[in-house]
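Okay, handing you the structure first.
To keep things simple, chains are lettered A, B, C and D as they appear, and every chain counts its residues starting from 1.
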Amino acid sequence: MANDKKKLNVVGFLCNWCSYAGADMTGLGRNLYPSNIKIIRIPCTGRMDPMMIIEAFHNGADGVLVSGCHPGDCHYSEGNFYWRRRYPHLKSLLEHFGIDKRRFHASWVSASEGKKFAEVVKKVVAEVKDWQENG
Amino acid sequence: MFKVAYFPGCSLSSTAKEYDVATRLVCEDLEIDLVEIPEWICCGATTAHITSELTASALPAKSLIWAEKHNMTITSPCSACFSRLKMAHINMEKDAELKKEVEEVTGEKYNGKAEVLHLTRVMLEKYGIEKIKEKLKKQLKGLKIASYYGCLMTRPPEVSENDRVENPMIMDNLARALGAEPVKWAYKTECCGAAFSLTKTEIVRKLTGEILKDAKACGADLVMVACPLCHSNLDARQPEISKLLKTNFNLPVLYFTQVMGLAMGYDYMDLMLNKHFIDPKPLLKAKGII
Amino acid sequence: MARIGVFVCHCGTNIAGVVDVARVAKYAESLPGVRASIDYKYMCSDPGQNTVIEAIKKYNLDRIVVSACSPRMHEGTFRKTMERAGLNPYLMEMANIREHVSWVHSDDKELATQKAMKVMEMAVAKVRRSEALSKMYASIEKRALVIGGGIAGIQAAIDIAAAGYKVVLVEKEPSIGGRMAQLDKTFPTLDCSACILTPKMVAVAQDPNITLMTYAEVVEVCGYVGQFDVKIKQKAKSVNSKCIGCGVCITKCPNKKSLSEFNEKLAPRKAIYTPFPQAVPNVPVIDRENCTFFKTGKCKICEKVCPTGAIEYSQQDEIIKEKFGAVVVATGFNIYDHSNYGEYGYGEIKDVITSLQFERLLNSSGPTDGHVVRPSDHKEVKNVVFIQCVGSRDEAKHRPYCSRVCCMYTAKQAMLLKDHYPETQSYVFYIDIRSAGKNYEEFVQRAQNDYGVVYLRGRVSKIFERGEKLIVKGADTLSGAQVEVEADMVVLANGLEPRSHAKELAQLFHMSYDQYGFYNELHPKLAPVETAISGVYVAGCCISPKDIPDTVAQASATAAKVCALFAKEKMEVEPLIAAVNPLTCSGCETCYNVCPYSAIEMEDKEVKRGDVRHVAKVIESVCKGCGACVGSCYCKAVDLKGFSDRQVMNQIEAATQELSTKDKLQSTI
Amino acid sequence: MKYELQLKNIKEGFRKDVERLSKQKISNCYQCGKCSAGCPVAYAMEYPPSMAMRMIQLGMHDRLMSANTSWFCVSCETCTTRCPREIDIAKVMDTLKIMAQAGKYKVSDNEVPIFDWIFLKSIELTGKIYEIGMIGAYNMLSLNPFKDVFPMGVKMILKGKISFIPHLIYNPLEMIKNIMMFRKIRKKDRERIYEKNV
């Protein structure tokens, strides 16, 4: 696995119903992914307060991933739509603050997409690493 | 008038000269400008890809790069050349390392932008079957045509991008547009043994024999092809296969551009129909086409 | 200062095989507030839980962290443990070091151990800010909704009704019966399918506790367990309750342009029809898209011939609102459409038919009265080739799963054919025979030994027509030979897939489904009929392909679950909901607008003496705890219990800090 | 027939070579036999394609490479098109031939390799195929000098289908570039197949 032995810290916010369950599925399927990600369970991506992401970067996280249900599949009907609208604004705001766009990611992973979650983490870690190494 | 980069391929400058001639004639009428790629080199055919992956991509790459530079769709009337060109394009797209190696050995850069289409698709899809109909001078009434697609024009599907893999209809639609009757038969995409023509001739005789048998059984008057290799197997080897199977097929095998040429009013010698081993003259006379 | 206990589970070797659990426990001791840390082989076992309780007592702990598996697995277990130890169950956090660590980082034990320590540390950080929450209860509407009138839905409805609860059974076709009604006989007993199914269909119709709604669909769902508000669309049947089911209208209807869905399009049906003679309810419907009257305004023959005046052209679709406490979803399956198989003729060769079509041909009340004839020329057949795994175990067609029933029904169909016509010969192309089940393997052996069915191990590469015959080009990999069979008919064992509308229905209930559209059960082994949505249960082929016995077993299981739920007077619900701090609320109404449940109301409240403000308030019984209001509040006046800002911020802080260097090895994470 | 399973043949060596050079996952094959069923030349092969895949899985290189299987593959791509496990079987067959012709494994055919050598030499020297030279050379080297001369060859010449003059690239600079290109390719191929500097 492309574990980065250097310090590389990604904070992952996963919604309880789809992505967190999807990450559980990754484990059930024994699909490996880099250990650099630390997962925080939240009820829904709609609960994501932009402050949490800013806090993560402020505390020195190298990357942040927010993952929720596919649009239309939200357990709470519309939570992920709120997040979907918030994400691009936040991303451009963070870029304005000097947070490289390779450091902040969002994805949709359903409860059955264990393999996909592993792929998402690999991709995010690779991008953060790219930022770290190549600036 | 639209311009297309033309890759005739080795066979069309020798054994399949008549295909080249007919293609150029028809394209002139359809106002498709075939720009022959200068200094093109052989696509490598089957030999290249069973000997070296790099050769198989490097040889077509030179033509692809030229077409890309001149911003033209690249086409070949030969199914094998088409397949190799397209395959090289796809392989380089999929495999960055291979692309790098190809760029190293050819000394040129390829951006992966060339569009490769078989001549049938250039004519029938890009140009359009309705527009072809307008150019026709006569209808090939009563002619039962078995369209033979063979392998490399149809498979694999990501290369051919044909209407469908197993029962393609593109040439059958052309036959109908020309006023002829397309024959429904089962062997239209079966292999003729192409590459083994010289090395394992017994296999070619068997496979081609089965194709001819099915075409005949399904009532075809002639077989329409779009590949010089299929043609040489079906046509030039037909007498020996007939002898082997103790029958006489006497089934003329024509290139699709020749058949189009007939409907566009060209005559026997214009289309070099005399070059075929199985002379189509008696058939065409009987049907009142020439 | 909090007194926290950390309990690290080995989960046998599941965790301990990768993560150095002792080191994780040791590291926990170094964290502020942690008074005890213990590792144990199986924390969820009885002795494991007792260890937790004893430690709580011994060290006077007030909150704990269990470092084990996913909270989705055992959060409930350990909350109960907390209660038994006399603590508030919400002062417990789980650190997921199995699904999120040991199973996914097994390639590097050192990194996995370090991550496990970090994950545990994050949970400790969170639990430090946890608050005691009091339990909440909700009432239960003791009526069940069953969606799908196949054998699964029928069984579930009968079982729930038998316990004395009211059931509404919704079916989108004009009759219940589903796929089982289409079958001729069932394996491995060769029971006549109709003979065992129709009594159950009648039982449904006659049960006073069951309301049958056919030709109806669920269109909207709100609410949650105990209180689902469901809108059902009753499509206009154009026939009212005066109908006595005499069938004269059907006989006299001159329009037979449509093809019968029930007979798999092998025969026409009238514009006014019941799917099959034994339909329940035995009331016809008018197919308005094809009815001459609805298209041209002329005809009205059915109205003229009806002896009871039951035809009612003016009927309209009706939306019916109902409240339910629980839902059973049993929508069943479709068979794979083989027009994607070019090599098998793109579905255009008439005598290449599906297994379900063959089932109809075999059936004595089918379109040919049980005569197995070719659809192209109605000639009887001699040689029939069966091809298994069409749309199953085929990655190229995006159906990599095994459909589980095809091996068996193919053997059955080959045997039934021989029973009907002893002079016929069947050939079966298979890859592997999967006959796990009581008397299944014996059944397949019988097909081969007693019925002389020729089994060939290999897939078919191509089918083409030669004259009247079909040439099947296959292989027998056991002998290494290419095999060519001249057949009169080819029967494809099409695989099973979910109904085409399965995804839309899942979205109504917010159920999760896999990439093919099969519904996800809550746990594949231990909660096979529950879904992530409490109060919604699933049964039958909408979860995965399965045979009739398994389907019926699952249906009864859902009924047991529903009855267990209804047996309670009121139901405990999680208190993980939002709360507004009126002192900081600006009354902007953003939360009021974003709440998907309308659980926020605005009120004028005296927040301080003499200070009345327009502020938001959470209606506790309606809030589902999604946190949309929390994420959108401008002045941080709303917070979410169990996932509060302070809890999450603590977790973020822990996640971004390096491991403390008290751990002997230098951290590299 | 008895075969002693050797882990080194299954885990590395032959099977790994095939997987590396063909970029196909051989373990995907579950032996459904659809490739063998549709293969137009399987009747002439010692082992049909599906069995060849199994032999690669088990690392049976001796047996497979001394069989005619890969040399009889006509590259019609039927197997690749229909494989339910999405293995490019035709490419695997190509790879077996590439490995053999590069000298890494045994060459068990004496027609195709000679033809390939002449064919590619023709392209290297002239940029195109010089049929009559090629056919002549092939017939000589394959010790069957009069193959296809009567009546087909003669008739071809009479119909003007075969020309005696080679079609050359007209620009000598291009010709030299062409020859240089082939030289570079050969070097890279050796590196790739023998895993030098890779």
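Observations
Here is the rule we go by: a residue touches a chain if its C-beta (ideal position, glycine included) is under 8 Å from a C-beta of that chain, and two chains touch if they have at least 3 such contacts.
Owing to the predicted nature of the structure, the values given are computational and were not obtained by experimental measurement.
Relative to chain A, the chain whose mean Cα position lies farthest away is B.
Two chain pairs are in question, C-D and A-C; the one with more C-beta pairs in contact is A-C. The central chain here, found by comparing per-chain C-alpha centres with the mean of all protein C-alpha atoms, is C. Note: centroid distance chain A to chain B, computed from Cα atoms, is 51 Å. Mean C-alpha position of chain A lies 47 Å from that of chain D. With each centre defined as the average position of its C-alpha atoms, the distance from chain A to chain C rounds to 27 Å. Multi-chain contact residues of chain C (touching two or more other chains): 343, 462. Looking at chain A, no residue sits in touch with two or more other chains. Chain D has residues 78 in contact with two or more other chains.
Applying the touch definition to every pair of chains gives A-C, B-C, B-D, C-D. In the complex of the two chains, the chain B residues touching chain C come out as 164-167, 186, 214, 217. The part of chain D that touches chain C in the complex is made up of residues 30-39, 42-43, 47-48, 50-51, 78, 82-86. Chain A makes touch with chain C in their complex at residues 1, 3, 5-7, 9, 11, 17-18, 20-21, 23-24, 26-28, 30-33, 35-36, 38-44, 46-49, 51-52, 55-56, 59-61, 69, 72-79, 82-83, 86, 110-113, 118.
On chain C, the positions that touch chain B within their shared complex are 342-343, 345-346, 462, 464-466, 471.
Interface of chain C with chain D (complex): residues 343, 389, 393-397, 431, 457-462, 473-477, 480, 482-483.
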